[in-house]
Each structure stands twice: as structure tokens, then as C-alpha cells.
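In C-alpha cells below, several structures.
In what follows, chain A forms one complex with chain B and a second complex with chain C.
Our next item is the complex of A and B:
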């Protein structure tokens, strides 16, 4: 009894102190997280301001013509972004065209069809693929893939399609090995792991009940994937694809190696082209003259804009999909 | 807009330089600029430090960056592959002088063709890079190489994709030899290439040429030599077909009319000396004529004075071409006439 009274006397003030202490630490924690969040906003605004300031000279000199001109002449200081925008959009779109079906295919195989002993090695290989620095892809593409492609595959494709309308224009020209097609292919390999890793993770969150019920009423594997798993996981799949697209749009080193770096718009996919980030990486160090530097920064601003538009479109698309399905999604 | 960027770069470089300076010694020389001479500046710096105890921190951030840095006064000297025009120098209160010579060598990949077997002239080279001469058995090439069996093969042109002093020397030469090139393309560290693929760096151009049958590109002399590429002989202004050798580059510098070139604004392309390789150029150092701190500039000039006197063999070991003695004298003279006396060693 005596003991109890004693301890209560001691404990009461201790508890109050502890509560105060916890309160203080919580407040500190709140301030810290708030600061971290605000830091992101500040960095974002800072980058925007720096980009707009840096590109102001180019934008005020060329106006909207900067977006539509395909001249890129450092000697006469006439700059237009169209070839770089075209190269960026086309290579990224082609890369997505290849990587999305393959990536989702890998995820389906891993979650539904893969024999258990293979699951872990293949999954690890895909995650490792995501960790390879982009310059390695560039070097591999330039020294291994491009020469092989040039000597053994490209001439065949060019000859085979030589008399087919449209296709002959898309695949014509001297076989350089490098060019838009090669860049797109390397990009698709680079972004594949993002799509398949994210997609696999969301597929694994699909409740087994749903799938088993579908199998129970006689669905085929295809029907289960197409009608149950994909609709359930679609926001995650779109998210993974957008992450991949973001990487494809901004990828610099690997693309610089294999795209051929020519400021021309050519309808042939085998022709050399350039992208926004490749142009900046190539030309920034030795860019002499304010207008040249400013034009390169303006290219950066445009890339920022493209990425923003893509992300916003993805958000809108997701929202639309959720509304149609009554908001039952992840 | 630009000042903010400059200040940011300045801040970054300044901080980096500051850290290095505190780590090393307060008397170290700082410089920034061209990437092409970086290996030899680093080698000179090492030898100079061993001898005098004074180090050199050189940041190879590119010629554009070097010019911006010296204008922002964050470094003791700037370095550029492209000489500034006298007007630009005066506007900034700067003076410049050459340090080592760089040569540019056209390299080809044609089945059965050996190094030095093919001869080209400036005009034909310009036509190839303009996309006017498209095939190796074109009459223009055949006329210069009657004894060589040239294939009926499309020419694949490879050029630099990054801005580069090498491209500047090369396009300056083509501009001098071809009015069409001068009016349509021009000379700069980066130009609007009429045809071909762009590759990053000497190694990128060399790699592309090696991989592409029927290709032609151009690389830095040291790169062509070390990798034993199939170089092309060039017909120079005197009408002689010359091989790309260190002597031929020196010959280009030896006869250059430095005396009548204020601020050494001479690009060593298409020189009249019969022994000269026609596609050569020097890389430059930028310092203030009236430096705020004369002792810093004096350290810079002392370093380069030592390099001219004792750094020649080091330069040759890295396949750079040292300036001929006559040019070194002209440089020394220009220091005394252009730079305030307190800063000249």
C-alpha cells in the first residue's frame, strides 16, 4: 500500500512531463515534415524561375517561332526547337509502344503463370535492369547493338520495305545503325523494368477472391487478366507507365549515344535525329553567346512543359477512368 | 537572366575552387575552360607543383564556361579553344595567348584503303560535308586519287554533336576553302551540319567511323595517332599533299602572321607554309590586361612561361604540339605590351 501511494505520487508528475515531452516532439516532427514538404515546393518554384529567366532572351527574340522553327544554326544564332521536340516525342512514344505491352506481359507472367522457382530470379533480374546506369545502355547500344543492327538487320528491313507505300518512307535511308529507331529501342529496354516492376506489384494486390471467383465461373486466364486483374489494377499500371514515360522523355546519355544528334526532322525512323535533353547535354559546355545558351535553357523549359502536360493528362485520364467505374479502384 | 545563371555557375565554381584552395594552398592558381588542353595542363601542373610547390586547379568545364568564369572573375585565367575577337577582348579588358597547337585530321573507313593513301583538298572535303559529293567514286575524289581503287559506295558523314574546338578549327578551314560552306554553314564550335550523324567527343566520332563502312569523320590529331585511324592526306595552300605530323602542325604555327594579329586572333588553318598541315589551330588562355590582383596574373604567366620553356617534351609525350620558338617569343612580347607591368614575370 505504502509502495503504491508512493509510486502514484511520483508517477503523476512524470506522466504529465512525458506527455508534454511527447507533445513537443510531435510538434517538432510536424515542423520538420512541413519544412521538407515546403522545400520541394520551393525547389520547384526556384527551378521554374531560373528556367524562365534563363530562356527569356531566346523566347523574347524568337517568340512562338521558337516552337515551330526547325532551324538550329549556332553560327547565325537562329534557333528553333521543333526538331528536338519532334525527336523527344517520337522516340518516347515509340519506346512506350514497345515497352508497355511487353512490360505488362512480363508482369502477368510473373504474377499468374510463372513457375515458382523462376519467379524470384526473373523478378530480381528486372529490378537489376532498372538499376543499370543509363550510360551503360548507351555504350551497349552504340558499340554492340548499333553495328550489329547496321550490318545484319537494317539493310534487310530497308530492302524488304522498299516498295511498300508509307513503310518505305518510314524505313529508308543509308543504314547508319544509329538513329531514331535505335534510340527508341534502347529507351524501351530502359523503361521496361519500371513498367513491369510497378505493374507486378499492383497485380499482386488484386484480391485472390476476385480471381478465383472468375476462374470458378469458367473464365480463361486471358479473361481473368483482361477483365478482372487489369481493370482492378489500372491506376497502378498507368502510374508505372507514366513513371516510365517520364524517364523516356528526360533520358539523356543513352539517347545521345545512339540517336545521331542531327537537328533535322526526317520521316524515316532510321535517320539521325536529336532530342531536347541530348541537345542540351551535347551543346551546353561549348555554347558561346548569350542567345545560344538561352536557347538551350529554353529547350529545358519546353521539356519541363512537355513532362508537365504528360503528367497532367495522365491524372485526367485516371480520374476519368475512376469516374466511369464508380471510384472502385486502388 | 544571364547574370543570374552566371552568378550561379560562378557560385558553384567559386565554392568548388574555394574548397580546393583551402585544401591545397592559398597560392594555387585557378583556371577554367576548354576541355581539349585539360590533359596537358594537368600534366604541366603536376610537374610545376613538384618544382615550385605552387599548384594549379584547372576545371575543364568547356570554352564557353571558361570565358564566363574569367568574365565573372572567379578564376585567375580562362581557357578557350576558339580565340576571342579583338573587339570581344577589348570589351572585357582581356588579352589572350596561345599555349599548344591542336590539329584536326580527317579519318575514313573504306574497305582496302590504308592510312594516308587518300588525298583530299579543302574544297572536296567541304563538298563531302555539304552532302554535294555523295559517293566515294565521285569524279572530284577520283581526280585527286587516280591510282586508288575507290568503291561505288555512299559516303556516310560523321561530325561532332557536342560543341568543340575541334569542330571550330575544322569548319573554319572549310569556310576558308569553300564559299558555299562559308555562306551556308559558317565556322563555329557547333554549326548546323547539312548532312551526316553527330557523335559525342573524339571517341564518338572515331567509334562511328570505325563501325560504319564508307564513312568519313574528323578527330583531334592525338586521338587519330593514338588509335591508328585511317587518316587522309590533305593538299595545303601551297598545293602540297602533307601528312598529319607534329612537324606539319608546327609549320602551320611558325609562319603565321602573329605580329599583325592583335590579341593573337589567328586561326592556323590554311597557312601558306609548304610544310604546313592545313587544318590546325591553337588553344588559348585569357587573362585581364589590368588585373585587380596583379600577383595572381603574375603567377599564371609565370606558370605558362615555365611551360613554354620546359613543358615541351611533356606536351609531346601526350601528342600535343608545342608552340614553335618564334611564337613563344611573340607571346612574351605581347605580355609586355598588353598586360600591366606589375603582372608580367
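Our next item is the complex of A and C:
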């Protein structure tokens, strides 16, 4: 009797207590995960606030002139972002010019041409290229590529184009080895795997039936790729390219080594220049004075703004693609 | 006429195939050239003293011990801090939030952070910690790296949890498991290999990161156990040594670069193996 009463008294409340406990721990866990998710957003907002706060001094001193001035003089404390913005945009654009066709070429090779046993090793090799840290590209460019380029390739290009209008201005000046052109080439190698990886994934979402139908009426591989696969995968390919562009715009170490860090706008691509990220990396720790530091942070704010727009556009395009291919994660 | 068209189409196709093959060749050649240069220049600098002696003054012998220790330490703390946050956030996106607007915003912001320039993260931590504390410190370096770890882990965790079939979740619910327990004991376990892959990729990513460390942890020529002081890291040492004028330092920079690359490549290959076994 005593036993019974005991067990009855214990069991009933325990059951309810257990349910309550489950409910509480469930709610706690949910709040935990939600907090972690919101922390991601908080970091993003924090970055924006920190950048605006840090660049306030420079922006209030120079106003909008900061964007259009090409003076960068730490001695007189006059700073303008134009050369850095110009360098960033030009190197990234050139890098895209090289990397997009080559990256798509690799993707086509991997999806259509590559013999099956080689598919994995070659795909992996290209993806490993994406894993190599950017500082490695930097010292490789600085110690190996730039000297070789300077001695064996650059003089030839300068001579060959010396009398052709427009081109002679783009490729003139002494062969330094380092400069905007070198930086663009290194950048293009860096972003190549991003483009080919996304493009390959998108190509694989193309229904085989479409391709088979095209082959069936006698199309060549080229015609199938150009008329069927590329149009179908267009937004995904553009999204992947934008993603790579975002990388290129913000890439720091690889560029810093080989761009020459000169705040000048020079129409020759062989001339030393600078980019936003290279300026920050090179000068930040040595910057004396609040205005100098603030100007560098303002450069960072501009970079964040540009990459945000590019990356947001990339996401919208890839999301659209994802939805069409039935939620496959790209 | 027909024959001419046919010949032209065949020619165009040949040309296109040739270009495509050469594109792949360019990619592989780039990888081979970079790895070749690393091996050629890096192996010369490899020696036991690399791991036992600290970074030298120009002209004297030394190793990279302090830089290696600093990198390992800062990466470890960053991963330990960043991983749980990333896993929790990814869990919210895949399990609780999925179609809510909050999840949409978090996903959007996370993917931006994933590709955002890492030097911006450095500036953020500089403003947040270095300016407030008044000096560069290992703490700041760890924080910067942790901020880079989080988005990587969030993205892979969410992707991997989404691969877990819903029947597993339903089975857990049917035996009365509360959601929190179902997630921890069933979905996490089912997606474990994938989540580990994400963490490995995050480690690979931060072990080569230089830009965010330049003005957070700065650099340190000596051995330091003080988290409140600047701390050396392999990438930062490589950066400053490669930019120097001394051959000894160049050799150490190459050796360090080889170490980093081997670490990163090993990690990504392991991650790939785990992932392919999972599928």
C-alpha cells in the first residue's frame, strides 16, 4: 500500500515534469539556434557600423570629393579614393575577361569531353586550385611569375604593339614585371576554379533529354553547348561569374605582392597601380594620424559596398537557378 | 553547298573542342606550376630547426616555430568558438526557420559574409577590438578568424542537414522525441560527416588567411604566450619575409608557404573523401 502510494505519487508528477522539462529544453534549444542565426546578421550589421564609424572622419573631411579625387598624399594629409577604385575595377575586369572564357571552357571540358576515368582527378585538381591560399598566389606571382614575365614576355609585347594605336598606350612603359596586368593575370588564375565549379554544377542541371534531342538531329558538340546548354544555364553561369567577380574585387594578398602599390591612374596596364585592398594591406599598420587611418577604412567601406552589390546580384541569380532545378544546392 | 556547310560546322566544332581542352590544360598547368615552384623553393628551407627555432633577425639562422604555434593556436581557438555558433545557426536555418523570413535574411547575409573580402573582416575587428583595447592582440586575431569560420560552417551545416531525409525526423517524432532531442540525436548524427567536412573546410580556409591578421594579431618576431600581445602567424610572417630583401628570409617564407599549402591541400582532400563516402 505504501509502495503503491509512493509510486503513484512519483510517477504522475514525473511524467508531467518530464513533459515540462522537454518543453523547456526544446524552447531553450530553439532560442539558442535562433540566437546563433541572428548573430550572423549582427556580425554583418556590426561590420557596416564599424566601417561607417571608422571612415566618418575621412568622409566628413573630404565629403564626396573622396570618391573623385586622385590625390593620395600622407604628408599633406590629402586623400582620394579614385586611383584605388580604378585599380580595383580594372584589375577585376581584366581578370574576368580572361577567367570567364577559360573557366567555362574547363566546365565544358569536364561535362562533355573528358574521358570518364579522368573526370574526377581533373575536377579535383581544378578545385584544389580554389583551396590554395591567396598569399601563395602572391609570393608565386612575386618571385616566379613577375620576373619571368618581365624578362621573356613583357618586352616582346611592348615591341610588338609599339606602333598600333590605342594598344601602344595600353601596353607601354618599361617592363617592371609587376603592375596591373600581372595582378590581373594572377587574379584570373585565382577565380578560375570558382567560375568552373559553379558553371559545371549548373551545366549538370541541364536535362539530358534536351541535349540528346539536339544531338539526335545532328548537332555538333559546339552547337549543343552554344544553342542548348548555355542558354539554359545562362543565369547560373552569370551568377557564378558574379561570385568570382566578388572574390576578385576583394582579393588582397595575391594582388598586394604584384601590383606595385602606386596611387596613380596610368593608362598603361603595365604600370604599377594599386587596389583598395592592396592599399589597406600595405599601408594600414604604417598609417600615421587619424585622418590617414580613417581614409583607409573609408576605402574599406567603398569596397564593402561594391562587393555587397555584386555578391547580392550573384545570389539572386543563383537562387533563381536553384529554384528552377528543384532545390539542388549549388 | 551542303558539303561546305558541313565542313564549316565540323571545323568550328574542332576549334571549339581544341579551345575547351586547352582551357583545362591551362588550369592544370597553373596548379602544376604553383605546386612545382612551392616544392622547388620550399623543400630547400625544410629542416627540423624550422619547428624548433623562432623567426630570426636578418642574417642569422632560425625557424618558424613561433609562427607555426601562433597559427595553430589562433586557428584552434577560432574554430572552437566559431564552429558551435555556425552549427547552431545552420541548424536554425535547416530545422526551425527553413521558410521563415528570418531564415531568408540570415541565409542572404551569410552568403554575403562567405564571399566578403577578408580584409574587411580585419578592419571590422580592428575597429571593434584593437581600437577599444588600444593595442594589437592575439585575441583580435582569433576573433577575426572566428568571424571567417562561422559563415563556412553555417553554409555546410545547413546544406548537410537538408540532405537528411524527412522520414528520419518523422520517425523521431513518432516515438515522442521532442524536437530538440530529435535534432541532436537523429538529424545531427545523420549529417555528422557532412558537418565535419564543413569544419575541415573552415580550418583550411583560415589557415591561409593573411589579410584579417595583418592589423589584428599583427606579427611578433618572438615566442609569445600572451594573448593580449601581438602574436606571430605563418601567413603574416610569410608576408613580411617575402617583402624583405634578405635571402634567408625568402627561404623561410617559401618553407612556410609550402607548410601552409600542404596543410590546406591535405585538409581539403580529407574533406572531399569524407564527403564522397557520405554520398
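One rule holds in what follows: the second predicted complex is superposed on the first by the 274 of 330 C-alpha atoms of A that agree within 3 Å, B and C clash if a C-alpha of one lies under 4 Å from a C-alpha of the other, contacts with A are read in each partner's own complex, and residues count from 1 in each chain.
In the analysis below, a contact is a pair of C-beta atoms (placed from the backbone, for glycine too) under 8 Å apart; a residue touches a chain by one contact, two chains touch by 3 or more.
Everything numeric in this text was worked out from a predicted model, so none of it was measured.
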Ask   = More residues of chain A in touch with chain C or with chain B?
value = C
Query = Who does A:286 touch here: chain B (first), chain C (second), both, or neither?
reply = first
Task = Classify the contacts of A:72 with the two partner chains as first (chain B alone), second (chain C alone), both, or neither.
result = first
Query = First (chain B), second (chain C), both or neither: which does A:257 touch?
reply = both
Message = Let me test your reading of the model: by the given contact rule, A:46 touches which partner, first (chain B), second (chain C), both or neither?
response = second
Request  = May I ask you to decide whether A:143 touches chain B, chain C, both, or neither, giving the answer as first, second, both or neither?
outcome  = both
Query = When the two structures are overlaid on chain A, which partner does A:209 contact: first (chain B), second (chain C), both, or neither?
reply = neither
Key: Touching partner for A:54 - first (chain B), second (chain C), both, neither   = both
Ask   = So which bits of chain A does chain B touch that chain C touches too?
value = 50, 53-54, 142-143, 257, 281, 284-285, 297
Key: chain C residues within the chain A interface of the complex   = 9-10, 12-13, 16-17, 19-24, 26-28, 30-31, 33-34, 37-38, 41, 84-89, 91-93, 95-97, 102-103, 105-106, 108-113, 115-121, 123-124, 126-128, 147, 150-151, 154, 159, 162, 178-181, 183-184, 204, 207-211, 214-215, 218, 235, 238-239, 242-243, 250, 253-254, 257, 260-261, 264-265, 268-269, 272
Ask   = Quick one: in the complex, what on chain A touches chain C?
value = 22-23, 25-26, 28-30, 32-41, 43-44, 46-47, 50-51, 53-54, 101-106, 108-110, 112-114, 122, 124-129, 131-140, 142-144, 189, 192-193, 196, 220-223, 225, 243, 246-247, 249-253, 257, 277, 280-281, 284-285, 297, 300, 303-304, 307-308, 311-312, 314-315, 329
Message = Under the definition above, what is the set of chain A residues touching chain B in their complex?
response = 50, 53-57, 71-76, 142-143, 146-147, 150, 174, 176-179, 256-257, 260-263, 272, 274, 278, 281-288, 290, 293-294, 297
Note = Seen from chain B, its contact residues with chain A in the complex are 1-2, 4-5, 8, 35, 61-65, 67, 81-82, 154, 156, 161-165, 185-193, 196-200, 204, 207-208, 211-212
